[in-house]
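In the two assemblies presented below, chain A is common to both, partnered first by chain B and then by chain C.
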Partner chain A sequence: MRSILHVARHVFRDSVRDKVLYSIVAFAVILMVSSFLIGQLTAGQDVKIIKDLGLAAMSLFGLFIAIFIGVGLVSREIERRSIYAVLAKPVRRHEFVIGKYFGLVGTLLANLAVMAIAYYLVLEYMRFTMPPGQFTVSPAVVDPRLSIGIGMIAAELAVVTAVAVFWSTFSSSAMLSAALTAGIWVAGQFGADLRNFDQVVKSPAAAALARGLYYLLPNFAAFDVKSQVVHGLPVGADYIVVTLLYGAAYVAMLLTAAVFIFSRRDFK
Partner chain B sequence: MPLCVLLMGGVVGLQAYREQHFRNLEVEDQILYVRTPSVVARLALSFKDVFADLYWIRAIQHYGSTRLSSSPDKQYALLYPLLDLATTLDPRFSIAYRFGALFLSEGEPGGANRPDQAIALLEKGRTANPERWEYPYDIGFVYYRNREYSKAAEWFRQAAGVPGAPNWLAPMAAVTLARGGDLQTSRLLWQNLLSSEERWVRTAAERRLTQLDAIEQIRQLQSLSSEYQRRLGVPPPSWTALINAGLLRDIPRDPNGVPYVLDQASGVVSIERNSSLWPLPTEGTP
Partner chain C sequence: MDAIRTEGLTKHYSVGFWRSRPYVALDGLDLQVSQGEVFGFLGPNGAGKTTTLKLLMQLIFPSSGRAEILGRPVGDVDVRRRIGYLPENPYFYDNLTAEELLTYFAALFGYPSHARAARASRMLDEVGIGAERRFQLRKYSKGMLQRVGLAQALLNDPEVVFLDEPMSGLDPMGRREVRDIILRLRDRGTTVFFSSHILGDAETLCSRVAIVAQGKLVAAGRVAEIVPFRIRGWDLIVTGLVRDQLDEFVVAGADVREIADGRYHVVLPEQATLESSVSRITALGGQLVSVNPVRDTLEDFFVARVRQAADREVG
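Up next, the complex of A and B:
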């Protein structure tokens, strides 16, 4: 456990110094601030658009960060030739993979926190500059329910990071791992289509295959509650708990597979 | 660095030159590459709400630019497809449905004169949000503007039946059936929209109520013009003639301060074309 924490701390310290991450976060923050200007064009829908754009920016740039940092598990260590030094230390391979994962998720959450603070500051400014009569607008401008959306984005990105880590144990090419992770993320958005595939094809085999993929692929669409929280609709506690459990189970499965593959990999 | 500044100046200068000399060659913003909402919904992945916002912004830009256009054959051809896309991507996008109800059903040149599309959009909103009384109310409203009073009354009755609907909706069906087409009923319908959550709807309602004031004033002025003609046998040649006859105290102006127009030949009173209230609606004028 101590080794895992040590690796995680090391990865976190190493990652947060990465200038590329700063650029991504800065770009997301600029986008959120500029959404205030875009909101001026929208005939009274400025609050909705600022909320939508802010959550989308967190989701999209968080995805970039998750893929960018996640795929570097092995490739970066090989590039720096540090993998041999790491493996020579008294750190077991499973501790290395799990520690890396938690370090990466920590980095991701730190970046997401910066974006969330910028998001709430923009909304607070919006509320502050609103004419007094509009304070009663429903849902509220600075709505605490938005944090549920941000939390679900964080959970989704934790699964994406696990997917990236999993592929990176396979391949030494960061580019290939990034493409595979992005592909899985896109496929994971089509859960409903895969589930209902039997309604559009006649072949039972194709329908069964689609059904199998529906259960096998991560259902990223389940984490998407952005629309509900922006419109101020309730998201049931049971839905959140079950989805988070699903995410945790998927991460555990991917990390187990990643550890299995990484333990057997020959780096000579 | 100075070279960069110099080149930037050159770029800005050339863009300004292009703007002045080649404006007519710019591509018209009347193209919608993907029209099928279900395709756009899939392409948008988990960013459907942002795409909905983009289509909404395009819809109001399209409406605004077409409305301000001086072209005699201007059309709001993209208004419905854009609102349809926005509401497919975000089925709870209330303003998009209600904006469509107002401006798709509005007669030309202020609207698309397509009540059928307005009703289709609102039906879609009602199916996606059965708990909202506003959509059946708006459908009734569109039928009312289209002078189909029995259908309007039926939809007002349905709206009143939605749990949480305001109390004033219940008598609306009876009033519409009894007095459909009169100015007071029109005024009542628009006044109800003043309490709408959507700022756009409130602004449109305020404008329409001002137009209804103008219609009422024109009716009164028209009766004065007729009175003048009855007394002297000829239509009044000017407002001054009416003032001299003791029928008016001052040159009458519309609620926005623009003088009304008096046709010398016929004595018909109308609103000035340059007034921001022109053209006046035909509803409430049976």
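Up next, the complex of A and C:
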């Protein structure tokens, strides 16, 4: 257990200094700030546009970060041979994988926090510069419900990181792992379509395959509550809890599979 | 109890994409290394040295056979607390400093948090990493990374140290320092198992050696046992003579070459008498700069055995 903590702390320290991450976060922050300008072009809808674009930027750039750091788990460590010295230490392979995962999630959350702060600063500036009559705008400019949307993005990205970790445990190619993770993320956005595929196709085999994929692939669409929180619509506590539990179960399943593969792997 | 013991240790890999075929990286290796020994594991590139070390570190799993370290199966976490490992051409995390890296490894070894930094600092002192310890590892040269690799391998005061090509990438000063470290470890009673293709290192450091070629063990034993050290002649450096004065030695079968400015390299054949040759040079007015026996070296033995192994493979 202690080794997991040491590995996680080390991964956080190493990856949070990666210059590529700074570039991604900087780009996301620039996009959020520029959304303020885009909002100016659309009469009356500016607040919603800023809220929407900001959450979308967090989600998209968070996805880049999750894939980028997640696939680095094994492929980069093998490429650079840093894994040899670590695995010769008194650390079990499952401790290494789990520690890596939590370290990566920590890095992801730190980056997401920076983006969230930028997001709230833009919204706060928006509120500050608004004519006094619009203060009563509903939903509020700086709406606490937005944090639910950000929290769900974080949960979704934690699952994406687990997918990336899973692929990288048996593929030594970082590019391939990244492509597979991105593919799973795209497919996972269409969970509802896969479930209801039998309503649009006549072939029972295709419908069964789509239903099978629905159960197998992570349903990332379930984490997307952006439009609700932007428009001030309620998101049920039970929905949030069930979705988070679903995410946790999926992460546990992926990490179990990753540990199983990683524990038997030769590091040539 | 042996420090290291392998029995029939074998590793096959599948090579080829469509029609995979087995490639034998290591074939039935039997080895015993006693505690406190400095053991040289020698062989040309691709002989199976790194494969053996990876099997002993359980970075790869054997196809068959078994290996033990300090009487316990390899991979046992408790054994890993008592060993150190320097991988070949080590590389670590770019964004960490040497201090941070060693502190992290000290944590993995279970050192309490207050002792980790001091431990890391002591090991970096021992391998000669000074103020650079606060630089990120991305800024390190190959030789400096090798030193950091050595520091992390010795961090836990290991009972057995595995060093894969420890002299690789080091300048002459660095090589001497590593040799001194290995000798200090030997004096402390640490078992050192190091792979190398540089035979001079093995000759000066090892109590016993094993030679592998094409995945097979071709010889093992004390250096003095496997190499007969028969004297095959004498190697002299002579000064104060002109070329014509040395002709009589050429007639007697010696090889004479001018090095520079009246300094000559004279190789006397096996049958020549050293004493009479030295007397003659002195009588001619020459001075002897050095006298060395020409003998079979570990390198001669190594080349011969590796060639034999290659010939058997072809045959």
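Here is the rule we use: the second predicted complex is superposed on the first by the 268 of 268 C-alpha atoms of A that agree within 3 Å, B and C clash if a C-alpha of one lies under 4 Å from a C-alpha of the other, contacts with A are read in each partner's own complex, and residues count from 1 in each chain.
FYI, contacts are C-beta pairs under 8 Å (C-beta built on N, C-alpha and C of every residue); 3 or more make two chains touch, one makes a residue touch a chain.
Just so we're clear, the structure is a prediction, and the values are computed from it rather than from any experiment.
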Fit or clash between chain C and chain B when superposed on chain A: fit
Chain B versus chain C as contact partner of A:Ser23, first or second or both or neither: neither
Which of chain B and chain C A:Ser147 touches, first, second, both or neither: neither
Chain B versus chain C as contact partner of A:Phe190, first or second or both or neither: first
After the two structures are overlaid on chain A, angle v-u-w for chain B, chain A, chain C in degrees (C-alpha centres, nearest 10): 150
A:Ser34 touches, of chain B and chain C: first, second, both or neither? neither
Touching partner for A:Ser263 - first (chain B), second (chain C), both, neither: neither
First (chain B), second (chain C), both or neither touched by A:Ser203: neither
Minimum Cα separation, chain C to chain B, after superposition on A (Å): 28
Chain A partner contacts - residues on chain B that touch it in the complex: 42, 45-50, 52-53, 56-57, 60-61, 90, 92, 95, 99, 197-200
Touch list for chain A against partner chain C, complex: 2-3, 6-7, 9-10, 13-15, 17-18, 80-92, 264, 266-268
Chain A to chain B touching residues, read off their complex: 38, 41-45, 48-49, 52-53, 55-56, 59-60, 137-138, 186, 189-190, 193, 220-221, 224, 226-227, 230-231, 233
In the complex, chain C residues that touch chain A: 13, 54, 57-61, 77-78, 80-81, 83, 85-87, 89-96, 100, 104-105, 107-110, 136, 149, 152-153
